[in-house]
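Here the structure is laid out as structure tokens; the discussion comes afterwards.
Going by the order they are written in, the chains are A, B, C and D; count residues from 1 in each one.
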């Protein structure tokens, strides 16, 4: 094959998977993704002590073109990443530093895995040559006043907000390709918009009556040390939180409204499940007059038949979170309801992968001119 | 014994809790619920090797008036119950026998914990003096043809079906008091009907648009040895099964239709959760014109303020399955939806207690003339 | 009230289980354990916002003689208990107050569920008429210098330490009966001493070579909000913590040394398990010359055949934590090892019941002159 | 193809990771590992409907040189693999066939994932050109009579037994390189032998007193549909099974005895944990006179410093199963015991990877002349 067709990167060296392991001069060196060879994109991870940060590192460990050049975590500055995440001890990675001490001159791109609020100012201070994928919520809402309403503080980088591209890859791929700053979508909004946007665009469902019963694994809450996230409080039970008000609502409604060219208000009830990863949105819709579940199925088939990560399952097959654990897939399907004129749509993702770090990597691949699936071919860890 | 004498039952004997433990003549004898003293109702459990059977035994262990006189389990006949359920080893209980070998002359009442299908014939063969609470699905559907449709076989005891009283205690208490045969409700139908029946009766919600997203712990499937119930297949994931067709649908629709005096068709999607016990029904309803969520709340308050086990929580408090683990409570609450005119109702139960054996005991208490809460004062095992 | 009158307590009043439910003047009032009737022991729980406190309340809900008169939780003072523990919302209980505001004149006994360190001073300030069961570690170690070594601070109530009786009920029952202050044992020490003390006393095992591999559910760590106790960090994995140094070591060695009349040093490795409750100690011992596993079995049989809560299982039956969930039992058994001359002992408890609040109630029953099993007849919540 | 040519295999083609995805002629084709290109080793999986089979497929999905040519599962013959393992639906894989219908002429190597017992005869019938890694227990025990004793049937392919090489890669790498038939080790024996063999060879520990307390996730039992493996029976509890007799004992003792040049008898107690994957062996050893834990540490350091998958952690760092989920690593460490002269060794693996399919792939890599880590660079799926 000719690798030259890739924007300009050369693939005619050995696979970096193998190369990296052999570069140490020993027969078998430890796995690692530290940036080193000339043709490797040098990546920084800002906020590497949280779950989305560590998930980026898990994925990059097998990426053939990206290497890790920089890790920041202000409160853990000076520590090796293994002291924060023991499972990363087998990788060769840079130590954690404070973001203020970071030298970005040798970095090509960053994943920003910081909490919302502080993210705005840090991104505003980053040099212009960097490609940025922001996993926080700070640049997802185009309407600054809506940000203020849901996050309780005024937005401090409205000019950057205008530049940011919403990173729902399957829907906005071309815009992402040319973006400098991508606002990576939330997990719930990803699992909802992938199935609904094509159906709304095709006017197949009633937009006034969309009911979403969403179930999420606990890692969606990040590594926050809160009482309600303790094992003893989560295991063996369900917790419906934010029944009337969850911050992912405006983001989801923004995307669905764009598809509908009209304001969409959703019913959205998230449930915390006793599981680490995984998210399922069970979506109850009323179909437009004369539309059948088969019509919905065919529309989704047309929309996603060439997609690798948005996958419509075979007729009647129920998507299961078990099938996407650790993967970047979004599995979807459509079912008839007992109530005539209604349909049930189920979509599942791994909230930390397609719902966060995986989609972020998918986006950065595009932004850097690579095939979007590079480094993302993980299959589900089942059982 | 004559159950009628119990309406004036005297409690001035010693607490049987203490009495039982002391009857052995030793300072401390093992806990147990074997029938023994004169004023004790002698209870049989048919099908004691399943989870609803063992749950009956857990509850009876502290019942002040009921003692266990008989345990059957055909395939385990001859074994001590502890060989089937090691956690019951500390109780004094009769050995398992085959149902055909059972002598019912010394038994006053039975819990029938057998699989649907075979139950009909066994109950038809029981002597008339027995009070019977049947935990199977065999006598729940009044319409014999509906039974045949959903269970794939003709009903073989239609005359008994006519006699059977549906055992949703809070709704049909007076009928249950005088029943000989009670068809104990399914777990999903219990969790749905308790909140919805009063609202439908009061014409507060639209009966054409009831959407139920139900979540159940695995024990709802019983002790069936099936691949999809293995730890490795259940843990850390969600499984939406029977999306379009679950056997609890006709039972639920029957109860809601009775309340509405009109045929109700529901949208019902059950989800298997990675937890042992617990059931939550998240119910999405459209309110009748002019009705508010506060109206729903007040109606439920009026309906259940004198009930012990159906409990409407304080304004805004989310019912949690954690709060009912091992208990007979059904906790409910009502929430406003983002979509105007809609409301969200959440109810939780322990599927093995209020959803099965606890409600069965509540019913038998009534049938025998006791306070319905006898032996049911368990508080949630949290954490 | 005078606890001495209870040795001849009359049980011919109605069972308080029933009585309590009827006292409200309604047919069925909510379950609750608020102190009210004249012949009820009025109990306070100091530190009611932690798991051992809430577990005391679960157990007291069905106690025929004890009522809850006082609940303290300094940081939650002024709140109803249900705001801290939603599962207790169905009980009638006093609101939380600060310990400094507590009026102990109407309290007969207290469970002290406070953290170690602060406990000493609070107990020192309590009035003399109170019976006290302290669930913290503050009064478990007779050697004050050992306390200082393991807990990193000098003991501030050494005179009370001298008075305190170690509350391992099966071993020190008579002393407990007459105690004013009982130091309730830790969970690990309970699970280890119950099987080992009789074997050491009978000189059946080598005291120089006792290896204990202990496994605990997460609730043993209390409701502490720590990163390593998050669901995401605990589920689906094992965590061996404190491999060389756990604070339950000196307490265990003290008890075993007492039995041996000689200093015992143990090998003790605790493992945090992905489960809420339950504790198993797998104990590897070398038998004295000429001793067989059958000798160990017979010794334990003799020691515990009249005990209700320390139960030696039938030959070859493996004790399971599943069998003690929510109960006060300690199940034990002995197995031959492949290495000649060695044996394996397994004991299981529920760390929150026999390992904490259940044994505490067992002790208070004794201290107040009641049968020790009052209110403790819970059977395992299985499945 | 000739596998021998691989000792000089050229890596200067593009990474097959990328190549495979593009071979379909579309921009992005589905991930898959179907054998297709000329320089790919064509692999068969016999018994693809169990967990070790599906785990091989997960790993092969990213292997740059191996493609899947054949999948057998007798009872599921004719079905697509996705009907047995829905999580594999996103891969392009051959349908399942019966082993008797398999054409091995286009297959270079097989993983044999069949149950013990039947495996022997099937392997005996395979053509000679195949490289075989057998994941069953059938060829692990050199002593045929020992096989008969522990597996209850005579061995039916003793001549093959003589040829088989035991596949503990780090210990027997050179023999494996030249093997045609490798008996892949069991999970427990792997986790025990990796830390102990170097210590025994160096005579640093007493071989008469090795006590192993092992904990395993449930997937170690395979996809067997048994009551004791149900979610309801496993979750939230510990199950010590086979306390005195587990089939992995003779295999472990064989390996340790080889290292010791003397018969070793171990104390081995396996515990089933409520987790899907992961295995920990906590090993209690008595050190040889004058030996310190530091000596053990240094010996393991020397033995494994050039190994990729056997990793000695930093001083005092506790190996955690969480750190190896989905990976081929064995993490080990040594700790001092409170009892003088004793040490505690902890090793952890993923039972399905280093304990089964991962080590199998590591071995086949060697047998085919590739670097042993090809396709095995997965990092732990944490959280």
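Here, a residue touches a chain if its C-beta (ideal position, glycine included) is under 8 Å from a C-beta of that chain, and two chains touch if they have at least 3 such contacts.
The model shown is predicted, which means the values in this text are computed figures rather than measured ones.
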Inset, instruction - Could you name all chains that are in contact with chain C and with chain D at the same time? - result: A, B
Inset, instruction - Give the chain pair, either A-B or B-D, that is connected by more C-beta contacts. - result: A-B
Inset, instruction - Find the geometric centre of each of chain B and chain C from their Cα atoms only, then give the gap between the two centres in Å, rounded to an integer. - result: 33
Legend entry - Distance from the mean Cα position of chain D to that of chain B, given in whole angstrom: 46
Inset, instruction - Between chain A and chain B, tell me the centre distance in angstrom, where each centre is the average of that chain's C-alpha atoms. - result: 43
Inset, instruction - Would you please write down the residue numbers of chain C that are in contact with two or more other chains? - result: 51, 219, 223, 232-233, 235-236, 274-277, 320, 322, 325, 383
Inset, instruction - Over in the complex, which chain A residues touch chain B? Could you list them? - result: 208-209, 211, 213, 215, 217, 232-233, 235-241, 243-244, 249, 265-269, 271, 273-278, 280, 282, 284, 318-322, 325, 335-339, 342, 344, 346, 348, 383
Legend entry - chain A contact footprint on chain D (complex, rising order): 11-12, 14-19, 21-22, 26-31, 51, 54, 57-58, 61-62, 64, 85-91, 219, 223, 235-236, 276-277, 306-308, 311, 313-314, 317, 320, 322-327, 329, 352, 371-374, 377-383
Legend entry - Footprint of chain B on chain D - complex, ascending: 51, 218-219, 223, 225-227, 229-236, 274-276
